[in-house]
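Just so it is clear, A, B, C and D label the chains in written order, and each chain counts residues from 1 on its own.
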Amino acid sequence: MFDFNHSNLDENGNPGAEIVSRIHDRFGNFPVHVQKPDLIRLNVPQTDIIPLLSWLRTETPFVQLTHLTAIDWLEEDEFELVYLITAPSLCISLMVCIRVNREKAEAESVFNLWLQAETYEQELHEMFGIHFPGSPRQGVPFILEGWQDMPPMRRDFDTVEYCNRTHPERPGREHHDSRIYVGRKFGEKGYLK
Amino acid sequence: MSLKNVIAPFSAWARAVQKPFTVPEADTFRPGADRYRGWHINDTKQCIGCGTCGDICQNGAIDMMPVDDATKGDSGLRPLVDYGRCCWCALCVDVCPSGSLGMSNNYIWIDRDPDVFRYIPGVDKKEWDDDSKGWRKEEGFNLVDPDRVPMPMMMPEEDRVKTWAEVVLGYSEKEARAEAARCVECGLCVAACPVHMHIPEYIAAIRDGQYDVAVNQIYDNNALPEMCGKVCTRHCEDVCSIGVNGDPLAIRWLKRFATEQFSDLSAVLSHDQPQIGVGKSVAVIGGGPGGLTTAFYLAIRGFKVTVFEALPQVGGATFFGIPKYRFPLPSLEKQVKLMTDWGVEIKTNHKVEADEFKQMQQDYDAIYVGTGLLKPSSLRAEGEDLPGVMPAIEMLIDHHLGKTVEVGEKVVVVGGGNVAIDAARISRRLGADVTIAYRRRMEDMPADHEEIEDSESEGVHLITQNIPLRVEQLPEGKLDFIWGPAEMVSEGGGRPRPKLVEGVENHLAVDKVIVAIGQKPDLRWLPTDVAEKITNSWGGITCDENGMTAAAGVFAGGDLVNDTADAVSAMADGLTAVDGIINYLGVGSKTEEG
Amino acid sequence: MSVFDYNTQPGFDLISETPNAGTTVDPKEVQLWFGPQHPGITGNMSVQLWMEGDSIKRGITHVGYLHRGFEKLMERRKFIQSFPIVCRMCVAEPDTTEYLLASSLEELSGLDKEVPEKAQWLRTLIMEMSRLQVTLMVLGGQVGTMGMGTAPNWTYTLRDFLLDSFEELTGGRVYHMYIAYGGVRRDLTKGFAQRLEATLDLIEERLPYLDDLILNSAVFQARTKGVSVVPTEWADEIGITGPTLRAMGVASDVRRDYPYLKYPELDFDICTAEGSDIYARTKVRRDEISQSIHIIRQILQMMPHEGAYCAKLPNMLTWTIPAGMTYTRAESSRGEMGFVMVTDGSDKIRRVHLRGPSYTNAVTILERMLPGMNIADLSATMVSLQTCPPEIER
Amino acid sequence: MRKFDPDRPWDLTTLPTTMAPKGSKPHAPTDDRCFLGAGDVPAAPKLQEAVATIKNWFRASSLNVLAFGTGCGAIELRPLSTSRFDMSRFGISGAPSPRQANVFIISGYLSTKTLKRVIRSYEQMPNPKWVVALGSCTINGGMYWDSYNTIKVLDLYMPVDVYITGCMPRPEALIAGFDYLMQDIKKGEANGWHHYLENLEWYRDNQKKVITDWDLPNYSW
């Protein structure tokens, strides 16, 4: 475990710069964005994620997995997995992001590094359809029961359409949008289109 | 485990003899807190039916229901709240632009029928309607932005009178988008606009930076938007829902911004109208805003349209009536160019006389008359014929045709309309010391209030409640403008009228008296038989709902027909005539009506 | 016991919920559902147990009974429309999620620099009041699960007096919807400080009795000391925060470690205890009540009386926020709560994810503590871990 | 019970006429004795009426609320049952098991996963039994109207006797709601349970539409 002593701090007293340079030395120059002094975002190739997280977990103070979640970038046909790794002793978090293909959504499990990843990975499998081979609870229903549609947190899942199809609402309502109503009442017309 | 710990819990017995916490049964239904978010109440008189409450409601709990006739400034809709959806977040109350919506601190409503929990607050009477307590809108927390983005103006103010350049500089892109973002898209403005422009849509397009979309929306029913963007009387802003408790949206300036983005309009505009008018011809007499509107939208549909204009330049009152520091000539020419590009034929310096009109009735399938008001009203005071007393309209026309206008050193302008202000500001730029004399109070002035402020900032003096008594000749060509003060009296409940205070005479020595107290129609050029048929008691023209006069095939519009006497109303008449002519000629089909 | 001994449930296939081939089912084993309909369960969740006598052999938790899909719903609502919905993520403690939503979006939009001073104080006040009311509730719930009725009656009533203050300030008893973008929605009412002070005095006056009923009680001590010990090695491996971690003797608190709002200007202790059992966790909560009262009194003293309580907001119906991603955190009564917030330049949230302490507490920790536990202790353990199902499944 | 309107999709008139004809047993093994005042003991109508009145009065005076916090509203049940509002003095108390309960409080939204458990618990409760629905969510979906996992209209799936609106209803509103329910019970008008048995098939159809992995018995005795 290397030592984050005070000589390693940058001039603002923030150990962030030191951490980033260590990671860069070891894993190459990832894009880094310092969101705020205690939150650094790293965009990492998918292949580097396990070596990086293992190294963080075993040799640095970044020992806690605060959460693991996914973002669906439907337009880019990718999922972004966000691992928030925290160093409780330094009070700094790393937001490690990887992109995985949306069609073949699969990522390596970090269950062997952090135990509670099993639940996160179970949820991601259920809600996004991302598969984590080797994670113990893949495919075990977590939140949903008897779900037959596509994973609901995917962007292309239309919850309103699903709702209207499955859960009827109480009838008897009509809505008049003031904009359309006024236009109709006063004979608004168009002459170009 | 010590004995102490065994005994410890028994200390609670000390409470057995004290007053219990339990609420006495009689007080069970205590009132909610002073700002409790309970059932909705709505002051339906104050409510303008803008539907912003429904827009912000993330639960879809609010439906707008018609309860009253739609009028300008009130859609006639009132919110219906579905308590099968509401979450009592009170965002509807906090966003309400008119401040009519509130919440009572009543919180008990029980029923076995789930369908009763829908009601229109204020309309469906409830026992909590008059509750004084509960959640109300507060000044310190505003979900809409009440403050307009200030319009950059020529600075310093003293420089304005030294030049004919535009005083209003126009929004930058950032300012325009920020201003457009204030819109809540209620659509009340559409009702107030005489041509019913698609205001929320083009503002949304400006907000999103899609200026080509905005311009297409604007041109959809406004053929002279750049003029409107600069000088419109903007009835829309009077009814803007944001304006109820803040500055109304700068709808006019946004339109100006959008149209100014493109120097070549035909590159961004497109239309897909069926060419129903091929082979039909229409004459438009008078190239004012109404006539140009008729000509433009008929030409789009394939009609052969010719515009006859007596002056060397089309534009009518927007050309000669509006000073160039408000509406520069290139702006007008740009719009006229689009019209000629799209097929409108324009004949300037062509004054139509009675014989030609008779011939036109033979040659053209339809005629549109929009010659406006050109005969000035007289001062109706002794001395009105003196040489230094001149009508404002003649002065404006002369000025814009490039003739030299002598105003001297000191001028009084009589009147309170936009013409009076324009005459005053032009005189100011010609170097005169200008005073405006108006019969009523400042708030009664029909002129645009921004205009009044601008004229004051340019050093124009304003004397209100001023009744001209007579004008007398003084030596050295000067005039003595004699006026008496007026007091405002309310008679019969109408708006207060000025009443002369007898026995007081004030004198004002001036070089010129410019009279701007209105114009009258001048239809002497019409053939007498036609004129008799179509003119009405005040000398104007009466039209049916299609814009057609009593003479078949003769349509009319603009100041001759309506009494609002502004450009945008004339354009609305022009649009009416477009539909009227298409119907009259029987070329429109049912399908395209929708 | 290491948490990596996943085979705490030997010979059992979780997916098919059947024994693996080659293992035999103990004929004495009984399968038992604890919840969702059960007076001892915390909220609406369930634990599936395999019992032998009254001792638990193994078990798994089931959640999802309260799943409403907040993260999905917020993706299709404008920013201001997400504001009323977010407090429902955790029913008992709505203010933390409200603050997280406001602060994360303020950070991404740059509005955070304009939040007035007074709004910061009011936010701190309501956050601390919220922590206090939940802690009171959990303290009562803790003894309630052991069949002791007096203390819950008191703590719930004391909490109710606090709810009166919430109602006066925010207009709602449970869902406050108070911390809005740019500040808070309303100013303090006249005399609010005195009334809140009186409630605090009442709570303080009652605390010694509560101590006698709870921590000093021989019955309570016998039921809790050494029961449901969370091993200290789990802290990093699972990412434990909040009172569960502080009951291990670790002085960790988001309010101190990642200072936010006005907490750096306030004087407070981070309460810790030794033992990591139910008793220690209860003791931490008991001490936090005193600390919260202390903090609220300081806030009432130090808060400016004049000034705006909300920044000038743009039109909230068309508000757009530049693309960005951040994580904000706050200390709830259960531990670290955080929002991953992603925006994409539109007028809606692109993705939001709530990180709640119950997620690890009620699933990962609880499942690993079940083997060998007496069923009578299960309720008490769940309350002491402060499991909050609506926050797990959102 | 509420009146039925032919415009509603769930109107009784749209049901097959073979369903629950008068006097016959519904499909589920129901117990005739649970029907209020009908077919009990052969007695004079006036006596039957008097017995029913007495029974209803007793029933209204001892409401036992099932301990099942189905949604947010459950958080106001603890203040209601503890010393400040003390529901016991109004004749209301909690019941840990469905077998001992006769009032089911649906405290807000129901996810489909909970709905299944709710149906099971409801059917396990002995007759007569009543359902109190809290908040907007039970009426028309509330703020979760567009959520894929919550139902919107509770009375499609189970009968509701009293709606208490508010989000969430305060303890005082709950007391008022219980009072309303008691009055209805005394008048013999709170017959949702009766309706449920009579129209079990229709309710089952609706339930099966949202509960995709249906594995409940015909009736959860």
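The rule we apply is simple: a residue touches a chain if its C-beta (ideal position, glycine included) is under 8 Å from a C-beta of that chain, and two chains touch if they have at least 3 such contacts.
Predicted model, so just to flag it, every value in this text is computed and none were measured.
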item	value
Centroid comparison with chain B (C-alpha atoms), farthest chain	D
Inter-centroid spacing, chain D versus chain A (mean Cα positions, whole Å)	42
Whole-Å separation of chain centres (CA-atom averages), chain B against chain D	58
Euclidean distance of C-alpha centroids - chain A vs chain C, Å	22
Residue list for chain D, restricted to those that touch at least two other chains	83-84, 113, 139-141, 143, 145-150, 153, 167, 170
Chain B: positions in contact with at least two other chains	21, 32, 58-59, 82, 84, 87-88, 114-115, 185
Per-residue multi-chain contacts in chain A, two or more chains	144-145, 152, 157, 159-160, 170
Touch-based graph of the chains, sorted into line, ring, star, complete or other	complete
Residues of chain A that touch chain D when the two form their complex	144-149, 152, 157, 159-160, 162-163, 166-171
Interfacial residue positions of chain B with respect to chain D in the complex	20-23, 25, 28-30, 32, 58-61, 82-88, 107-115, 117
For the chain A and chain C complex, residues of the former touching the latter	35-36, 38-39, 41, 63-67, 69, 71-72, 82, 84, 86, 88, 91, 93, 95, 114-116, 118-119, 136-137, 139-145, 152-153, 155, 157, 159-160
Chain D partner contacts - residues on chain C that touch it in the complex	36-39, 43-44, 64-69, 72-73, 76, 84-85, 88, 91-92, 137, 152-154, 156-157, 159-160, 163, 173-175, 390
Chain B residues touching chain C - in the complex, by the definition given at the top	1-2, 4-6, 8-9, 11-12, 14-15, 21, 32-37, 52, 55-59, 87-91, 94-95, 103, 135, 138, 140-145, 147, 178, 181-185, 207
